[in-house]
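Right after this note come the structures.
Same chain, two partners: chain A is paired with chain B first, then with chain C.
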Partner chain A sequence: MSLQEHEIKHVKKIIGRKLTKTELEILAAEWSEHCSYKSSKIHLKMLPMTGKNVIVEKGYDSGVLDVGDGYVVTVHIESHNHPSAVEPFGGAGTGVGGVIRDILSAGTRPIAIFDGLRFGNIENDKHARWLFKNAVSGIANYGNCLGIPTIGGEVEFDDCYKNYALVDVAAIGFGKKTNLIKNHASVGDIVVLIGGSTGRDGIGGSQFASDSLETEDRSAIQIPDPFIEKLIIEAIIEARNEHCINAMKDLGGGGLSCAISETAESLGIGIELNVNDVHTRESGLFPHEIMISESQERMLVITNKKKLQKLKKICDKFRIRCSTIGHVTENKMMHVKDGQKTIAQLPAEFVARAPLLDRMKSKPKYLDHLKHEKKKKKILNYSDVILKLLSSPNIASKHWVFRQYDHEVGIRTVIKPGFDASVLRLDNDKFLSAKIDGNPKHCYIDPRNGAIGCFEEACRNIVCTGANPIGMVDHLQFGNPENPEIFWTFMESIEGLTEFAKFLRIPCVGGKVSFYNETPSGPIKPTPLIGVLGIMDEPLLPLPPTTGDYLVIIGETKNELGGSEYFEYIHKFIGGNCPIVNFKDSKINMLSVLSLIKNKLVKSVHDCSKGGFSIALSEISIFGKIGCDVNLDKIPTNDDIDYETLLFSESHSRYLLSVDKKNIEMLKQYLTKKKVQFGILGKFSGDQIKMRHNSKYISKYSVSIAQKKYFNALEDLLNHG
Partner chain B sequence: MPEFNVTAIIENKPGISDPEGETILNDLVLKSKNSSVKKIRSGKILRFTIVGSDIKSVEKKVEKICDELRIFNPLVSKITISANKC
Partner chain C sequence: MKVAVVVFPGSNCDRDMFHVLTDVFNFETQYFWHQDKLPNNIDAVILPGGFSYGDRLRAGVIAANSPIISSVKKLANSGTPILGVCNGFQILVESELLPGVLLKNTSLNFMCEWTNLIVNNNNTPFTNKLKVGQKIPIPIANGEGRYFADKKLLSELKNNNQIVFSYQNRVNGSTEQIAGICNKDGNVVGMMPHPERAAEAIINPVDYKPSSLIFESLLKTLGVKN
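Moving on to the complex of A and B:
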């Protein structure tokens, strides 16, 4: 914990005196990478952040989207990687809590949670299994106790996360536009701290998150308490309804230091507070510890003198602590007192705005050695390979995970997890579709196209439910940014995302950057995670295919096996051509699928991604409990590719449709007219999944075996190691 | 070799919060006007019956089992082990 050289110079220049211990601790917390975004901030501006649905107000921790009829949806994404890597149950739980409070601080009620989880190879690593099981339990415990459904996410395992964990949490809120908190404050307003007591837990957490995980840090452990969080949610919502809240911010990384300085800076005010008034859990806390403690389940509220009693009454009703810790001043200073003694006095803007860095970047050398295509060993039995992939941890059903989560509480969930995207019913008779996606294997081979691919995949999943994407959030997770090669991968990813977001006109309404994700064995693969929200009047409730229905593919399959599960899981080979999104095709395919859904010409739509065509087809058959006879020669492709690539390539912009025979002609006409690449591959029938190439069956396996492999693999692995 | 009873108490470390203990204190004990109670910490207790040569070795064995199998996480919890002969 210390300031860097250029930061010390900056302090000298602006403040011109020796800092007190408390001031130094405040700056170290607030200027950590985690709180200040000092490496990424100048680049994040490139993302398109405005759009017709986006509502921008000062001081919001979450993105706000107008969904019509006077309602708004809020969304935010964060990670809790470092804490989860050392204490997965508590780390994952408190991660959920933090993002929930970000949603709450805009004045909206949290209605759904998503989790993106990444661990080492659970097939041979006992520690990875322990991390995985406990992170899932931690999320389930927290979300279920709160009564907020966890409606989706993704789970992935890769050797690069050995002894580490990525726990990303996204949350969605919903409320009336008129109830949004319009953050404002006047001189003399009262600053109140609501919720859990402040203790030594979590001290130095944000700096912990900004260091490599080389030694296990003991002080940064936080213990989740979902019941306090539930009470805070209800108290805040009631206080909002009673107009007791002028401005609000949750306490996350950096604790009070961060919340106070950022609130004061964004509202253009000063705040004077006294650490003696903060309700603490233990005696003997030093003032600087109170300022930087990251104890969970706390909210900072600015109210006025008249409403203070009402606010206190509401907190009493919900039995949560509420301390008046300070007041708003005119001088734009962050003034911290310990009784009568001033222990820190710095301009809020100075604290909240760390000196930014423009880091060096250089193309990583490893990329030059990657591009070669491996000479694959001859596969004798493709059915065995497909079944092996279906039972691989990255592809097998994750129902072991999401059945631990209550995904229906709140009775909004229309499409539950396990399919493409989940769908929630909103109060204005519209439906919200949401999905998060990441793919470190693609991003490692090609950070730019990999990141675009994650974005497109999330959009595809939204489109499969019939919704139009209206906003995205990004969570960019990389290793140490001081390494120019790692910073290059970050820049490539963000530039790619910006390009695609501008092309699709989907605004980025929020996000997070997490650097220093490193373990003793090296940095993680670039892991951008993209969440997309979509809105629609009526969702496509997928119907299982029945005998005689057609299977149709939309989109082109290319020679893009790089980073595929087939290469990495079956051949243990890292390299090859990463799938590249063709922007024009992507848009045409999305619009066509949406139009087909709107005109009720399809029974179900499934996106083709991890594992490629063979896995997407198997999943349709598994869920539909019906076989299919498919001619691979009908798959549209412009490249001269073998059937192995047709089966396993993870090319983007592809959708598998099941279509009733009465609609097939109309569908054909429509897609031909729109010049969409498509192929009618075969019909559903029987109990076998059969794939032909040159009139010869190259793969044939029964649906029931595929089903067993797909549904039981993950649980078997966890139960029997 | 003789048999021993080994008791392992697992509780959160002193500086780490304990929502269960705090809830029992605030919502049960203090509400029943037991104002003399100042603090409650929750934990779990495991009783092992184990064969070994002496008290020290069985205590060590139990601690190793709890640590290796992650029955407790040494970053969060402390373990107190005591043994006596059956």
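Moving on to the complex of A and C:
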């Protein structure tokens, strides 16, 4: 039970009577931070949410974007952090399931999954390794069975996630605009519950997720059954085609309580239901348990008497349960009965709209104590440092992870996972590019610029494939919002994201806020995660560089080593200057890269981010199986910086291009005309990656060694570490 | 010519297979639900990949007891070309239309990656346009894809030329790197890799033509028949 004092007062004022046990449980679930967004809702409004491609309908849990020719793309992002930190296999799996049903409830077929996974330091923490391995298996087990490709994501390790796990899942759906469910209901319509049976799993899950993680509350954790989910997807799509669905909502956090109250509220109707009609997994469930259970793989559907028989027949075909649990009423009340007895009767709007909070914020003291750059320990051999970074868990190839995910099913995957953004083909001969990005190391040092940086990085990745960003989703993850210092970091992030979204005119079409991500050892670093979608007529199918091709960098390298892998992994130093996006440069660079791709002047484009220039270059050589001879002095920079910074700074808005020598003059002319900062750094050839500074080679290593380090490091660590 | 794509609860490559058959190779294709009977005018049957019955008990074992399998068996005995891909292969093995067994990969994990197949037998309805020794770039995606045959079965497979495809490299620990086999008559073929994921240029990063030949072989087979 987690109703707070001001909420109890609010109840007294509006309802004016003592609440029943069931009513109290319903409110506790629905008014939890997880379901009600009570700390964040008043601030989320600042994000730009409309745009020419955005379709807004009542009661959608996912964002909808028009991609032309009568087709739409839907997108949503969620996390399942607390459950995954206790039971990673089930927690991560049900995390996938929940997002997929959000996509489905708009009437679109889910076509892709992305995961952002974050754990403690797996190099020395066995528990973190266990969480990581099992979360990956959980996602594989769930997504693969559904036949929805997991085509991208990120994996990151940081001490701030010790004894904890962030499991973020984003999903994309696709369908015809005419097949979107236009949620509506009339008095007398039938309310049915389709899918898995209701049991004692996930009781109080949303309250569990709305407090810091101190106990292993296993009963709050849901049990995954991807097979049932797969049957639900097919049954719902068939029912959609047969026009059996008037309105639909997935059952997620808060279970029936949330689905019923929110559906009634958004459609302006009342719903009367009887808990005795809900199909349950076990006998002896208390009515309030039925109302707040978060058992998985359930969908709430509103249909009418005429269509009910057809709907039941479809469910029978797929052998999934379909129970008529209630009907639509006029009085806008959420009315719950147990047989003949009324056990809860509250205005739906009252339940669905928790009293909102305007929390206090104050700038965290730690920011003043963050160390300025100090004299770093002397590096004797930069090749060794680069190779060490290439085999560090945050940078090394995540092949071990995405190999376990079916990323080909659906036969849409044009650009496979493992490089920049992934690309899917759509049925209207267009291509969709998608990427999620987070960077807690930057966000810890500077929550505002860190968040903007994540957003820009996701955009950059989309641009590298030749697509124009058309929409974003954000997932804002922080510690306890009651702590003003943590709330300040949340506000900084959302303000920064708003500013950049408005500047680039990219609408925010969905998102989620997750607070209370903390354990007794402390809160996580601010971890906003940004997903960006792009669309294009033709993707850049990257060609590996060949001998004589030029390496070109676009964008300025600045003195911004703060929060870099170089500082944190090599020097164990937290502090320094966080990279800051220059909005104007960001836009010019994006547009220029898109134009170069469109005019076929580049063979491949790679984003320069984690690990800095040296890592981005190594990745190109590793994938292209060719060496490169680079003059670092040609890297554009306005700061007076040493070559160490040129190698490892994680400044934004930078791209590495490989260019055929026949196109280099045209490229040069174009970039000069557009006043883009760029440098022609050298040529690809041989089997060594070589970097020069003041005519002296400061680093030289073979592509094959870099390959070995990059591809084997994570697997070796997991198998033998 | 009419090709049946059988759909079980949990099949998830049925739509991909249907797309490739109809949109890429112009087959007349029809879905059949696992509770249906297959009519006699069917010219070829494809069991697509997926997780029929969520892989409960063992991959393919519940689907192998579906009503439709008796008509698949009838058609198989009359010489109709039957292809099982991935979970479809597992179902063919579990229904004893093909010998042997499919075990968990030696990695003990699900594996989704591009591999190269080598054609061993081009005398089946699905390989007659390929050359023996030809390489096919193609993805696998399975957790239980390690084909196992004991010594006796292995020599039988070899004597009857029943090994249709093998992996170029050691991928999952299967016996003699076997990736696909056929029955003694050669009309029933099972393979773990997914030809429907490799037969279009835009999604095949290497070369889509070899995989296309699997479908073109079926076209040729049915063309001869008609």
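The criterion applied here is as follows: the second predicted complex is superposed on the first by the 720 of 721 C-alpha atoms of A that agree within 3 Å, B and C clash if a C-alpha of one lies under 4 Å from a C-alpha of the other, contacts with A are read in each partner's own complex, and residues count from 1 in each chain.
Everything below uses one rule, namely that a residue touches a chain if its C-beta (ideal position, glycine included) is under 8 Å from a C-beta of that chain, and two chains touch if they have at least 3 such contacts.
All of these numbers come straight from a predicted model, not from anything done at the bench.
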A:201 touches, of chain B and chain C: first, second, both or neither? first
Touching partner for A:90 - first (chain B), second (chain C), both, neither: first
Which superposed partner A:407 touches (first chain B, second chain C, both, neither): second
Partner chain(s) touched by A:223 [first = chain B, second = chain C, both, neither]: first
Most chain A residues touched (candidates chain B, chain C): C
Partner chain(s) touched by A:316 [first = chain B, second = chain C, both, neither]: neither
Contacts of A:69 with chain B and chain C, given as first, second, both or neither: neither
Footprint overlap on chain A, comparing chain B with chain C: 225, 227, 319
Sites on chain A touched by chain C in the complex: 137, 140-141, 144-147, 225-227, 230-231, 317-319, 402-414, 416, 425
In the complex with chain A, residue positions of chain B that touch it: 12, 15-19, 23, 26-27, 70, 73, 75-76
Touch list for chain C against partner chain A, complex: 9-10, 12-13, 15-16, 19-20, 33, 49-51, 53-56, 109-113, 139, 141, 143, 194, 196-197, 200, 202-203, 205
Of chain A, residues touching chain B in the complex: 86-87, 89-90, 130, 196-197, 199-201, 216, 218-219, 221, 223-225, 227-228, 281-282, 295, 319
